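As written, the chains take the letters A, B, C and D, and residue 1 is the first residue of each chain.
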Amino acid sequence: MNLHEYQAREIFARYGIPVPPGEVATTPAEAEAVARRLGGRVVVKAQVHAGGRGKAGGVKRAPTPADARAAAERILGMTIKGLTVRRVLVSRAAEIAHEAYLGIVIDRRQQAPVVMACAQGGIDIEEVAARAPERILRETVDPRYGLLPHQASRLAYRLYGDAPRARAAAEIAQKLYRTFLESGASLVEINPLVTTPQGELQAIDAKMVIDDNELVRRPELQALRDVEGEDPGEVEAREAGLSYIRLDGDVGCCVNGAGLAMATMDLIQYYGGRPANFLDIGGSSRPEKVIAALSIITRDPSVKSILFNIFGGITRCDDVANGIVAATRESKLPVPITIRLTGTNEDEAVRILESAGFAAMTDMDAAVRKAVELAPAQPQAG
Amino acid sequence: MPILIDRDTRVVVQGITGRDGSFHARQMLAYGTKVVAGVVPGKGDERFDGAVPVFNTVAEAVEATGADTSVVYVPAAFAPDALYEAADSGIRLIVGITEGIPVLEMLKVVRYVRERGARLVGPNCPGLLSPGRSKVGIIPAQIAAPGNVGVVSRSGTLTYEIVWQLTRAGIGQSTCIGIGGDPIAGTTFVDCLEAFEADPETDAVVLIGEIGGTDEQEAAEVMRARMSKPAVAFIAGQTAPPGRRMGHAGAIVTGSAGTAAEKIAAVQAAGVPVAARPSDVVGLVREVCAAR
Amino acid sequence: MNLHEYQAREIFARYGIPVPPGEVATTPAEAEAVARRLGGRVVVKAQVHAGGRGKAGGVKRAPTPADARAAAERILGMTIKGLTVRRVLVSRAAEIAHEAYLGIVIDRRQQAPVVMACAQGGIDIEEVAARAPERILRETVDPRYGLLPHQASRLAYRLYGDAPRARAAAEIAQKLYRTFLESGASLVEINPLVTTPQGELQAIDAKMVIDDNELVRRPELQALRDVEGEDPGEVEAREAGLSYIRLDGDVGCCVNGAGLAMATMDLIQYYGGRPANFLDIGGSSRPEKVIAALSIITRDPSVKSILFNIFGGITRCDDVANGIVAATRESKLPVPITIRLTGTNEDEAVRILESAGFAAMTDMDAAVRKAVELAPAQPQAG
Amino acid sequence: MPILIDRDTRVVVQGITGRDGSFHARQMLAYGTKVVAGVVPGKGDERFDGAVPVFNTVAEAVEATGADTSVVYVPAAFAPDALYEAADSGIRLIVGITEGIPVLEMLKVVRYVRERGARLVGPNCPGLLSPGRSKVGIIPAQIAAPGNVGVVSRSGTLTYEIVWQLTRAGIGQSTCIGIGGDPIAGTTFVDCLEAFEADPETDAVVLIGEIGGTDEQEAAEVMRARMSKPAVAFIAGQTAPPGRRMGHAGAIVTGSAGTAAEKIAAVQAAGVPVAARPSDVVGLVREVCAAR
């Protein structure tokens, strides 16, 4: 789960990481009031779960409260990568002498958290990693020991030549590690970590991603989820225990298992179609899940053809068939459906579907090809 | 010889009385797997289905039954401790089925297990199936047939799909192993490839990958440099939106975004053919075996 | 540092370990008042840093508050192994269906904490360990992971056959481990861990030893030190940064280094004498330490002869010589002194001592022999 | 070849500007030890006594100077981190002089150091002296002389006493090593005995033990079963009151109270003579060497 910048900086501050003062606002008037409270120059920043906010015009400097209001007016309601901006962060503008990067992620290969720093900050760190990996400084953490003081210090002395800044940076790295660990994060980032002309360090942007598996035992973080800022289909899916991501195509699909779901999407493309979504109903096959899945798919107006691809293992094909029949009993489907089922209780499923007037297929390629054919060809359709 | 499990594998089921544990214990028993014990704290002295003795602790189960392999169906909140327990009770192979274990927990678990000389497969994995010999986990038995192709995969149902197509085409499997899709896993593609390479009853390997991480790139390197047996790959997620699954974090560490395209390129560069569709795997396996 | 039972049980209770209600009392009237508050039968227990309190008559059951008063009257002021009882714990008497032992110590060989349990409790656990070690159940803790739930559970199921008690015992073991870890203990013990006729578990006696090296960072534990309950010489020594243990003999000794101090005591015995103390002035040789050491030794009336044995390494012999001269300038020593010095600045030390009228030796055997001769032979003297 | 250190040993001093660190760094330099670097965070770019470069981190010191050995004089509160740092900066031998480190910290440190392939001597130890070659720690140089007797001890000044008597009697030493008196130590008697057994320049070993623990009993077992070279022991603490030093706790774990009498009996049962007085060590060394 991604946190918004304003949420992440609040958590950072709780752990003692220096962040410039700021508050979130949902209206231009609020933004102006916050700017007045803060005094001095501020920055108004769109709070959306999308990268490249700056380039999209979602970040504006405002020398006066009136400017802050005007900036908020322009930013609130703006759409960045398909997401509507509903909140802005109004934060005191920092004076910047130097920008660095500090972050912590899990290194899958070393099976350890890695603290990373880079003397260039405020930039696209992925690009640095790909182009000039030697510029990224690393400390691998033994998860049984945590980030040891000398590791934080070593990283900090490599990042900054002077002892005062190195000491401050080492302390921030230690606090950032505690934030990471105690929040169950899979990523925390300060980008940029700014040095002011007075030589002080400040975390100007804050990013946190929480491991979804940690949320069960961290209701206080779960509560930070911004459902308004998400696709409503994805919210509904999560509540129904499904995994759903909306895409640009027109063939809506419902599959059991993430790998098979991705392979199904790939096969739709292989046969010239475009998947409208990723949807994994998971291992269980309770009919309610199937009903929820169908409701989410059919609500997407770009879906022109629906494909079920079920490989029955633990999932029982007859359960899925019953779900489809139940979901379509009350309201007829607005678009054609292609159903492929094979494996556990396949025969029973076919019987259930056929007696409800559905055809059932058992071959994946054939089913995908048919579902693609049923979506009317649209050059560049969305 | 299949890898990791065989006819003699003696299995203890941790969480044998739970919903999943009981269902799959019965499936394993029906397949002929030697399920010798169950473990549920507080239910020691009971018998599962009147036949399998249940113990309070894995240590007791191992002592009483000689179990050497454990399969864990314990809910996520208790699963790390179940994995720790298996590792320090003399179990040599631990198969973690449970999904939803936090990554930060797993970082500690994998080290603990390794230090105690055990092997962990999973978590969040379907387990292992050596057709005709033993099944430890949840892979449906009816999709597989004995043979000489090793299958290793990060996913569940996609594996079943491909194994089922192999079986229908008359291509049996030595072992099918699902290593799980979590970012931190006890067993990697590389571990499995090395085991298949060493297994005299495996003639070729099918590797089923997906987006995220760099496991497939590491596997490609092993297939290129250290494997004499032919391999075929399929990699899912070409149409997956970038940045969704560990995309950003992974990319900072490795400089790779973990996309399917990168993985396919790496595997092909290792001389291993990559199937465009799951249904192309059968044909490629036939080709690489014939060319041998 | 040893804690008293009443201190340890308070810490146990803070960690959620069930202990019977009770309070400490310093007078019989207080003991009676506590017994009245608690209601029912109580136990009155001497609070001294000595084992075998029960055998020495320091633990008495009291059915009524008046009995508690009477018991406290007999126990307060009593001397157990040389220590005067100044406090009693008045605790509600538990009904006992079964007694077990539960403890945690550091196993030096495995370099790990070990949680130990024994189905026989309230007994001398050292004796069981020596005589029937197989009766002690053990769980070795990986210090990087702590006591894992399954380990506590495994120990508990081996200790008790029934699941309810095993679950309760596992929980107590986990809490005891937290107590151990967070207090910087080198030993914690519940002996006995009692099962009541109702099947509940209670910690009846509580023992804690804190690693002295932990006290610097744990002032709240340091504050629990009962200086009144200790030998005044040992208290003074600790405050002066010396390590001092009073013994039964008459040759008082002052040595640098624990190993050499023990070897010196052994050599006193070898030559037919009896050491009056262990005293290690440590590595530094500031004259104040020497002055404090001499003051502690001479205050012990059983000391008939004093021996200095200094091997100068980091310790400078001239510093020690200066300390001896300074200490004896104001008040003459009541008993003869034998001084052996060798190593760093030995010549200078000899010069200092000789010009102050002291003889100085360099051979350890000769010095010890002489110090023993100077203590008048006393058959069985104390 | 002396054990663990030699003329080529390149030493970094952690805490070189502190009271103890600076004094002993000078002593080591005067002895001819290759003190190539010091480490004090925040004092990088300085030079100690105008000669030894000081670095902010051990990693930098190792990279710039090729140091392979570290000696730690850092105060107890910061010493564990200094030990961790040495271990993960490529140092192979770490000598921990600092006293007062909590046992619970050391339990974690010893595992960390071991996993990273380094050896820790100490903490709370006087260090090592290979007469005429190198000195790492605080053992006074003037008490020792080159020769073929290895000395290993848990104590400080008692070691000096015995080494000095050996030297005065014309018996030189290959290496004198003080492993420290703390309950948890990185290097044990057994480790040192094995090293002396393997060292062609050591002909006999003097072991100096004391009450507490069972290290001497374990050493006795090694001297009996795995050592061809003669040994002599002295064990201090026969008159020490029982139950004072880890007496109770140790006894519960091991069933042994760690008394001198138990240790002396164990060592004698291994065929190793135990000196009644420190001054008897010289004679016994002569005897065992002559009998060889």
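We take it that a residue touches a chain if its C-beta (ideal position, glycine included) is under 8 Å from a C-beta of that chain, and two chains touch if they have at least 3 such contacts.
Just so it is clear, the model here is predicted, and its values are computed rather than measured.
Common neighbours of chain A and chain C under the contact definition above: B, D. Distance from chain D peaks, on a Cα-centroid basis, for A.
Here C-D and B-C were compared by C-beta pairs in contact; the pair with more is C-D. If each chain is reduced to the centroid of its CA atoms, chain B and chain D end up 48 Å from each other.
Centres computed as Cα averages put chain A at a distance of 28 Å from chain B. Chain C has its Cα centroid 55 Å from the Cα centroid of chain B. Chain contacts: chain B has residues 108 touching two or more partner chains. Within chain C, the positions touching two or more other chains are listed as 144-145.
Taken as a contact graph, with one node per protein chain and an edge wherever two chains touch, the assembly fits none of the named shapes, being neither a line, a ring, a star nor a complete graph.
Checking each pair of chains for touch leaves A-B, A-C, A-D, B-C, C-D.
Of all residues in chain C, those touching chain A in their complex are 144-145.
Taken in their complex, chain C has these residues touching chain B: 142, 145, 148-151, 153-154, 157, 163, 166-167. Interface residues of chain D, counted against chain A in their complex, comprise 41-42, 44, 56-60, 78, 81-82, 84-85, 88, 108, 112.
Those residues of chain C lying in contact with chain D across their complex are 51, 103, 105-109, 111-114, 116, 125-126, 129-130, 133, 136, 143-144, 181, 184, 186-187, 209, 211, 213-214, 216-217, 245, 247, 255-260, 262-263, 265-270, 275, 278, 283, 311-315, 342-344, 364-365. Within the complex formed with chain C, the chain D residues making contact are 23, 76-77, 100-104, 106-108, 110-111, 126, 138-140, 143, 153-161, 164, 181, 183-184, 208, 210-211, 213-215, 218, 234, 236-241, 243-244, 246, 248-257, 260, 276-279.
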